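Same chain, two partners: chain A is paired with chain B first, then with chain C.
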Partner chain A sequence: MIKVSHVTHRIGGATILSDVSVELAAGGVTALIGPNGAGKSTLLSLIARLIPLQSGSITVDDLTIGACPSDVLARKLAILPQSADAAPRLTVRDLVSFGRYPYHKGRGTEEDAQIVAQTLHRFGLNDLAGRQLDTLSGGQRQRAQVAMIHAQSTDYVLLDEPLNNLDIAASRSLMRMLRALGRTVVIVLHDINYASSYADQIVAMKDGRIHAVGTPADVVTEDLLADVFGTRATVHQIDGRPLVQV
Partner chain B sequence: MYPRRLIGLAAVLAICVAGYMTLGAQGSWGFVLPFRGAKLAALLLVALAVPTSTVLFQTITQNRILTPSIMGFDALYVLILTALIFVLGGQEYVRLPVIGQFVLNVGLLMGAALVLFGTLLSQARQDIMRMILTGIIFGVLFRAVTGFLQRMIDPNEYAVVQVNSYARFGRIETDLLLIAAVLAGIALAFAWRMRHRLDVLELGHDTATNLGETPQRATLQVLVIVAALVSVSTALVGPIVFLGLLVVSLAHQVTPAARHAVLLPCAVLICAITLIGGQTVLERVLALSTPLSVVIDLLGGAVFLGLLLKGMSR
Partner chain C sequence: MLRVFWAAFALLILCLLSLGVGVIDLTADAKAWQVLVISRVPRTIAVLITGAGLAICGAIMQMLVRNRFVEPMTSGTGQGAALGILLVTLFAPQASIFVKMVLASATALGSSLGFLAIVRRLPPTQPLLVPLVGIIYGGIIGAGVTYVAFQADLLQYIDVWMNGEFSGVLQGRYELLWVAAIVAAASYFAADQFAIVGMGRVASVNLGLNYGQVVLIGLVAISVVTALTVVTVGMIPFVGLVVPNIISRLYGENLRTTLPVTAFTGAAFVLASDILGRLLRYPYEIPVGTVFGIIGTGVFLWLLYVPRRHVP
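Our next item is the complex of A and B:
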């Protein structure tokens, strides 16, 4: 379980997160939604120790962020940031291989090679394995980045808008794969319909605060869309899942 | 990765070494070989120190334009040396054992590098243009203060400083060889142990952190290693601003997208070829009095401008 307690984050004079407390249950997919600038990426970055915690505390199972060694956390939790660093000349296979670094620290074993091969296969990257990242399309690169995170074999996976640049087939297959993994997935989504179709739990944020937490049926309502996003949209119920008319 | 290219470079280096040791020798071999051997050893040490410190610095700052010399590390070494002589007095300083002088300089440089560059480099997102400006300002500042102190120093003592202020491949301080070799050996061992971590750190702050690295700590470790290596090369042959940039840029051309385990030896081989081959050709073959450092800085400066313009047009 990821437990965020009383986290406040300030940059300059601005308060980005104010007293955020939330529990993200182990197992299943949690979708994080909210308007631009709500603080979703900041919250994810804090959980993944990409930026230092200023106040409050965050634990991932028995690991305390800030206190536990970075390499221990790297075997427990993986993050794909919103704007993942570019490593233009890396090949897809090399990038995915780096996912195993937390385990072998430089000298990959036979087992690591096998996991990389399986991951490439699973993400349909076999044909692209030898290509350099800067020769790929945005969607292909995104797929390679997610594959690296997958090869990291962590219990927890944080993804910041991984559907950016993906077409509908790739988006659906990624979301299905994430569900099938059986890991704890926290994913920032802008498309509420993906959140409501694939997530077990939705956390809605606004202005650096948690606005609502619950199942898609509880959270995705016309009132909430009006409150959080300031837009009036019709919500239909289809097979027990809310769908937003866009 | 690229074993043939590394072997090829090693072969070229062997030819350069043979030429350096034998061409134009006058007098008995019993005298020539040890005399030239000591200089050769010094050049090899520089060829190990300069590219290694440059690669480490570029990886940790994620750029291929800035180098420790361009950021003013060499100038800082000379400043510290000058300040020591100013404070202690030239006679006192010279009376210290050579090892004592060197260790004092190195220690101070490490401290100063951590204070001056540690905060600058530890920020997660770096602005390359701001870094270039900072480097240029540091360089000018260090040289200005050095010049000021030198004017205040007794002319007799000035000679001690002067030896260390200019690049010189012809006259090499061979009495420092042993201590420099020991220090370089230690620093290089640490650098080599970091090679896999450097591959990860090169991916950028967020990806490296995700994979369990600690970029901030690595930055401080690299600064200490760089300070040691810069001390070695500056003490032996003086500051050469663009050598590191030149040879590491070439190494990226020869072994593109290579891991550090390949890039580091490649850059070292290219640097050794540049120094030993260059010195052989200039001194022994062409009998030119143009110092090699001038040629290197000219070529390296052109590379610097090229990279800068390319970076801006992107």
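Our next item is the complex of A and C:
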């Protein structure tokens, strides 16, 4: 379980997160939704120790962020940031192999090679394995990046808008795969319908605060969308899942 | 495998040429053996180490700074080393070569850290600012060194370090370069770490890498190799820029596989340039940096205009 307690984050004079407390249950998919600038990426970055915690505390299972060694956390939790940095000139296989670095810190073992091969296969990257990242399309590169996170074999996976650049088939297959992983997935999504269709739990954020936490049926309502996003949209119920008419 | 064989063969030919080319005709002179041992062999070794070392430094620096257009000799590291040598010459002229080397490495490191601190403040959306700032930064330090040298009437002295060339390399006066060779070779052990740092801070932290520590180790390696090169043969620009760019275009940036190729190519290119420099205006010499600048830039431009291959 990821437990965020009383986290406040300020940059300059601005308060980015104010007294955020939330528990993200182990297992299953949690979707983080909210308007641009709500603080979703900041919250993920804090959980993944990418930026130092200013106040409050965060624990991931028995590990305390800020106190536990970075390389220990790297075997427990992986993050795919929102805008992955400019593509390095690595092949897809090299990139996915680096996902194993937290385990071997150098030359990989036979087991590492096997996990890399399985990951490439699972993500349909076999044909692209030898290609340099900077020669791939945006969506293909995104898939390779998610594959690297997958190869990291962590219990917790944080993904910041991983569906950017992905077509509908790739988006759906990624979401299904994330569900099938059996790991704890926290994912920032802008498309509420993906959140509603694939998430077990939705956390809605606004202005640096948690606005609502619950199942898709609880959270995705016309009132909440009006509150959080400031837009009125019709919500239909289909097979017990709410769907937003866009 | 065959390619490796041909490459090694080509380098061997270059080495033999380098041993054979010079003002003294080896076949006619009774002291040929002495000429070889005292001058030609040291020179050839110095060229090989310098070429390989500077190419490796460039490749590592480009990872640390995350910019393909920087290299130590044009971004302050080399100028920092020259500053160190100047300080030793001014304040402790009797100091041993070892002291000189340590101080030059330290000032090179300080100057590299300064460059990195500036680069971190530049907007990431403007990658070309980085090399420009590097050139200005290096230029300012270089100008400072020249000014102080001018005041102290050391201009001729300083010229030896600012414009590198190999004609002064003799037995007993180049051996420090072996330290540079060892440091450059040792950096290979951190090839994976440098490659990960090249993916950015966030990716590094995600993989549990101690980002700051790896960057510092890289900078120390770069500074030591650069400083030793400046102390023994002087500044040679462009090698660290052109060679890693050629290799990264052809083979990518997984340093574990590319660093050896980078080192080899650096050594071969600089050796070829040095031989050409000795032959073109025989019996006079053209400085190796000038020759390399022309050849290297030509190859680089050509590479920029051929489309990238998909499959490595």
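The definition used in the following text is that the second predicted complex is superposed on the first by the 245 of 246 C-alpha atoms of A that agree within 3 Å, B and C clash if a C-alpha of one lies under 4 Å from a C-alpha of the other, contacts with A are read in each partner's own complex, and residues count from 1 in each chain.
The working rule: a residue touches a chain if its C-beta (ideal position, glycine included) is under 8 Å from a C-beta of that chain, and two chains touch if they have at least 3 such contacts.
Just so it is clear, the structure is predicted and the values come from calculations on it, not from any experiment.
S.K.: Should the superposition on chain A be reported as showing a clash between chain B and chain C, or a fit?
M.R.: Clash: chain B and chain C overlap once superposed on chain A.
S.K.: Could you look at A:Q132 and tell me whether it touches chain B, chain C, both or neither (first, second, both, neither)?
M.R.: A:Q132 sits against chain B and chain C alike.
S.K.: Touch test for A:A48: chain B only (first), chain C only (second), both, or neither?
M.R.: A:A48 contacts both chain B and chain C.
S.K.: With both complexes superposed on chain A, which partner does A:T221 reach: first (chain B), second (chain C), both or neither?
M.R.: Touch partners of A:T221: none, neither chain B nor chain C.
S.K.: Let me test your reading of the model: by the given contact rule, A:P102 touches which partner, first (chain B), second (chain C), both or neither?
M.R.: Touch partners of A:P102: chain B and chain C.
S.K.: For A:T15, is the partner it touches chain B (first), chain C (second), both, or none of the two (neither)?
M.R.: Touch partners of A:T15: none, neither chain B nor chain C.
S.K.: For A:T59, decide between first (touching chain B), second (touching chain C), both and neither.
M.R.: A:T59 contacts neither chain B nor chain C.
S.K.: Is A:A78 in contact with chain B, with chain C, with both, or with neither (first, second, both, neither)?
M.R.: both
S.K.: Identify the residues of chain A that lie in both the chain B contact region and the chain C contact region.
M.R.: 48-50, 69-75, 78-79, 81, 84-86, 89-91, 98-99, 101-102, 106, 132, 149, 152
S.K.: Considering the complex alone, what residue numbers of chain C touch chain A?
M.R.: Per the touch definition, chain C meets chain A at residues 66, 192, 195-196, 198-200, 202-203, 205-210, 248-249, 252-254, 308, 310-312.
S.K.: Going by the contact rule set out above, which residues of chain B touch chain A in the complex?
M.R.: The contact residues of chain B facing chain A are 124, 195-197, 199-200, 202-207, 209-214, 256-257.
S.K.: Would you mind writing out the residues of chain A in touch with chain B in their complex?
M.R.: 45, 48-51, 69-75, 78-79, 81, 84-87, 89-91, 98-99, 101-102, 105-107, 132, 149, 152
S.K.: Okay, in this complex, where on chain A does chain C touch?
M.R.: Within the complex, chain A contacts chain C at residues 48-50, 69-75, 78-79, 81, 84-86, 88-91, 94, 98-99, 101-102, 106, 130-132, 135, 149, 152.
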